[in-house]
Amino acid sequence: MATIKLIEYEAASPEVRAVYDDIMATRQIDWVNNFWKAIAVQPELLRRTWQGVKEVTAPGALDPLVKEMLYIAISVTNGCEYCINSHTAAARKKGMTDEMLSELMAVVGMANQTNALVTGFQVELDEVFRNGGRQP
Amino acid sequence: MATIKLIEYEAASPEVRAVYDDIMATRQIDWVNNFWKAIAVQPELLRRTWQGVKEVTAPGALDPLVKEMLYIAISVTNGCEYCINSHTAAARKKGMTDEMLSELMAVVGMANQTNALVTGFQVELDEVFRNGGRQP
Amino acid sequence: MATIKLIEYEAASPEVRAVYDDIMATRQIDWVNNFWKAIAVQPELLRRTWQGVKEVTAPGALDPLVKEMLYIAISVTNGCEYCINSHTAAARKKGMTDEMLSELMAVVGMANQTNALVTGFQVELDEVFRNGGRQP
Amino acid sequence: MATIKLIEYEAASPEVRAVYDDIMATRQIDWVNNFWKAIAVQPELLRRTWQGVKEVTAPGALDPLVKEMLYIAISVTNGCEYCINSHTAAARKKGMTDEMLSELMAVVGMANQTNALVTGFQVELDEVFRNGGRQP
Amino acid sequence: MATIKLIEYEAASPEVRAVYDDIMATRQIDWVNNFWKAIAVQPELLRRTWQGVKEVTAPGALDPLVKEMLYIAISVTNGCEYCINSHTAAARKKGMTDEMLSELMAVVGMANQTNALVTGFQVELDEVFRNGGRQP
Amino acid sequence: MATIKLIEYEAASPEVRAVYDDIMATRQIDWVNNFWKAIAVQPELLRRTWQGVKEVTAPGALDPLVKEMLYIAISVTNGCEYCINSHTAAARKKGMTDEMLSELMAVVGMANQTNALVTGFQVELDEVFRNGGRQP
């Protein structure tokens, strides 16, 4: 169980309920997952975090499924179990197949390996890669 | 400078040269970046790592540009400067715009924030997310 | 140099300038540090991030200097050089002495050691600590 | 269960008992938590670690509650569940309210986000922040 | 449970079975642990990962038990529970005593502490340590 | 440069000098590296940290060179540049060859990859590995 009390819809203030309502409307579901009920302990934190998640997951230059897979990759690297499971579930709902998941994991595995090798040998950056290849 | 001596093409063994040649042929470039010259200190490590990178970056269920962006997201979370710069450069060559990069970073930022909040409050996984939403 | 072009005040859109102005007014300074100029590549990201930083650093249940020291502790654990230096500078401006900094680091050091020992031996949580000691 | 056998008071050597006694006396409690019973497998490690924890948590330039909150922030960033729960419980005993905990988490969340953004864009340190703002 | 379905020997393709057979023959055991059954979702990933693990754990310049202990140290720092438990078990089979394990953990603990202190104070590298002490 | 002023031998208090003297005597060298000069800002932190490092690097159940390599592996995983360079230099002084270093890195690379794959797929621990294979 969480280190603070989850705030259920029935017990929520109007301010918190408004966010819960927007989460459900945006996602077209009729329930709110534990994460939001936990951070609702501070309504401002709930509002701001939902605003951020809503904005970054909205359609944009990147595909929503790609964004979910980025979330998974980061959650794996941070070792966040809740996040890995919830975003894997979300990605599946958006169309991720087992084949795509395994390919994603193959990248996650190799990236963590090459990150470690580069760091371990303290490899110096090639001139052409400076500034991420940006033209000054 | 790296903690081991980089192995330049001219000084490389035939086994190492064969890998360098395959890297250049696969990427259609005429040079090899420092990472490979560093791990060439152990030809088996070079061969195996290149094999892995070649396989995971080949066309598959995920788009090559998506894979580069996954690489960037992981490298940021691991704090690997060389990797962030080299994969940002690689993603740009594959078509990543500044708009896509900033949207990618917006996801990286929010994911690191929500990962921390979930962990900080020790939020319990919702039943529906178990096994990443996989049907048993 | 950053992997995207920093946006200077003179070149900024009215939307970005408004955030820069609020940063300078809130902090009572006449310049904006590189972090904001980098994320200004996406005005929405700039606005949202500044809103968050402004809210969490405002007076509240925790002292502003305590918050800066929390920032330092997290930045050290994440290995973010820019963040360590900028927040150490900010904490100094808010009154952190060398003695306080060294005591902070002593905690950071011990916490990273005991975190590793607990994880390394896979120590089971004592019943009394469940839910962070929260009464159900 | 831990990867080594916990050493209970009854089975402990005089050297280990002396540390257990000091832990209980210092904390004014009549039991010892699992962490100490695990590292007691090496009495020298137990003694040295307790000495360090005792020193850094003693009254000093920083408030004991602030130190507990620093411990929480670091444990969250490291993803150590035992540590998050035990230090949250300890902080509560020292007076941390739900409001303080949620404010702490708001800082932890934002810091992890801005750390990631700084690293992701490879933002260059502003001259004024060099050496953490220390005058040379 | 895992986010993908484990592939048991009976249900495995000939390609996957061949790897399982090699794992069992190399380790002189008659079963395959869950890790391999999970990554078998992508036969290429299974084959490549086993090839890598087989190569790095083979006799070489470093002792096999030393390699297992390195694995433990890294897994602790990454906070991977499965990995800590499985490699601790593997190291025990190769002769690691409780005394060796506790000494290993003592190093893991101190290294994480000194890593944090170096980073926290942003200590500049001594000239003599450049390039890991390698003669240019 | 560091975020606090380094304390040189000439400017050090008798308490700090005593530790510096012990470091030099133990290591049979005539200088002290920057790390110690940084943490000397708090003599108690200096004394306690040196005591810990001295104890864990002393001859014991593990070979001193093995301990240095463990330090390198952890430092790589934490991304601590100072630590990677200084411990690589120390390991070389104790006999580590390029072949041993590259084999160490091969393990570091594979371990980071398999850690990520286990976490990414949320693989469940095999019963036989529970408690690190310890007999209850």
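A, B, C, D, E and F are the chain letters, set down in written order, and residue numbers restart from 1 in every chain.
Heads up, the rule we're going with is that a contact is a pair of C-beta atoms (placed from the backbone, for glycine too) under 8 Å apart; a residue touches a chain by one contact, two chains touch by 3 or more.
Computed from a predicted model, the values in this text were never measured in an experiment.
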Labels of chains that are neighbours to subunit B and to subunit E: A, C, D, F
Angle, in degrees to the nearest 5, of the Cα rotation that carries subunit B onto subunit D: 180
Fraction-based call for subunit E against subunit A, same above half, different below: different
Repeat of the C-D interface, chosen from B-E, A-B or D-E (over half of contact pairs identical by residue number): A-B
CA centroid of subunit B to CA centroid of subunit F, Å: 27
Geometric centre distance via CA averages, subunit F-subunit A, whole Å: 33
Set of subunit E residues in contact with two or more other chains: 1-5, 39, 44-45, 49, 52, 55, 77-81, 84-85, 88, 99, 103-106, 108-115, 117, 119-122, 130-132, 134
Chain contact graph, described as a line, ring, star, complete graph or other shape: complete
For the subunit E and subunit F complex, residues of the former touching the latter: 1-4, 33-35, 38-39, 45, 49, 52-53, 55-56, 60-62, 66-67, 69-71, 73-75, 77-78, 80-86, 88-90, 92-93, 97, 99-100, 103-104, 106-115, 117-126, 128-134
For the subunit B and subunit C complex, residues of the former touching the latter: 79, 84-85, 88, 98-99, 101-103, 105-106, 109, 122
Residue numbers on subunit E that touch subunit A, as the complex places them: 3-5, 39, 41-42, 44-45, 49, 78-80, 131-132
Subunit E to subunit B touching residues, read off their complex: 1-5, 44, 48, 51-52, 55, 130-132, 134, 136
Subunit A contact footprint on subunit F (complex, rising order): 72, 76-77, 79, 81, 84-85, 104-105, 108-117, 119-122
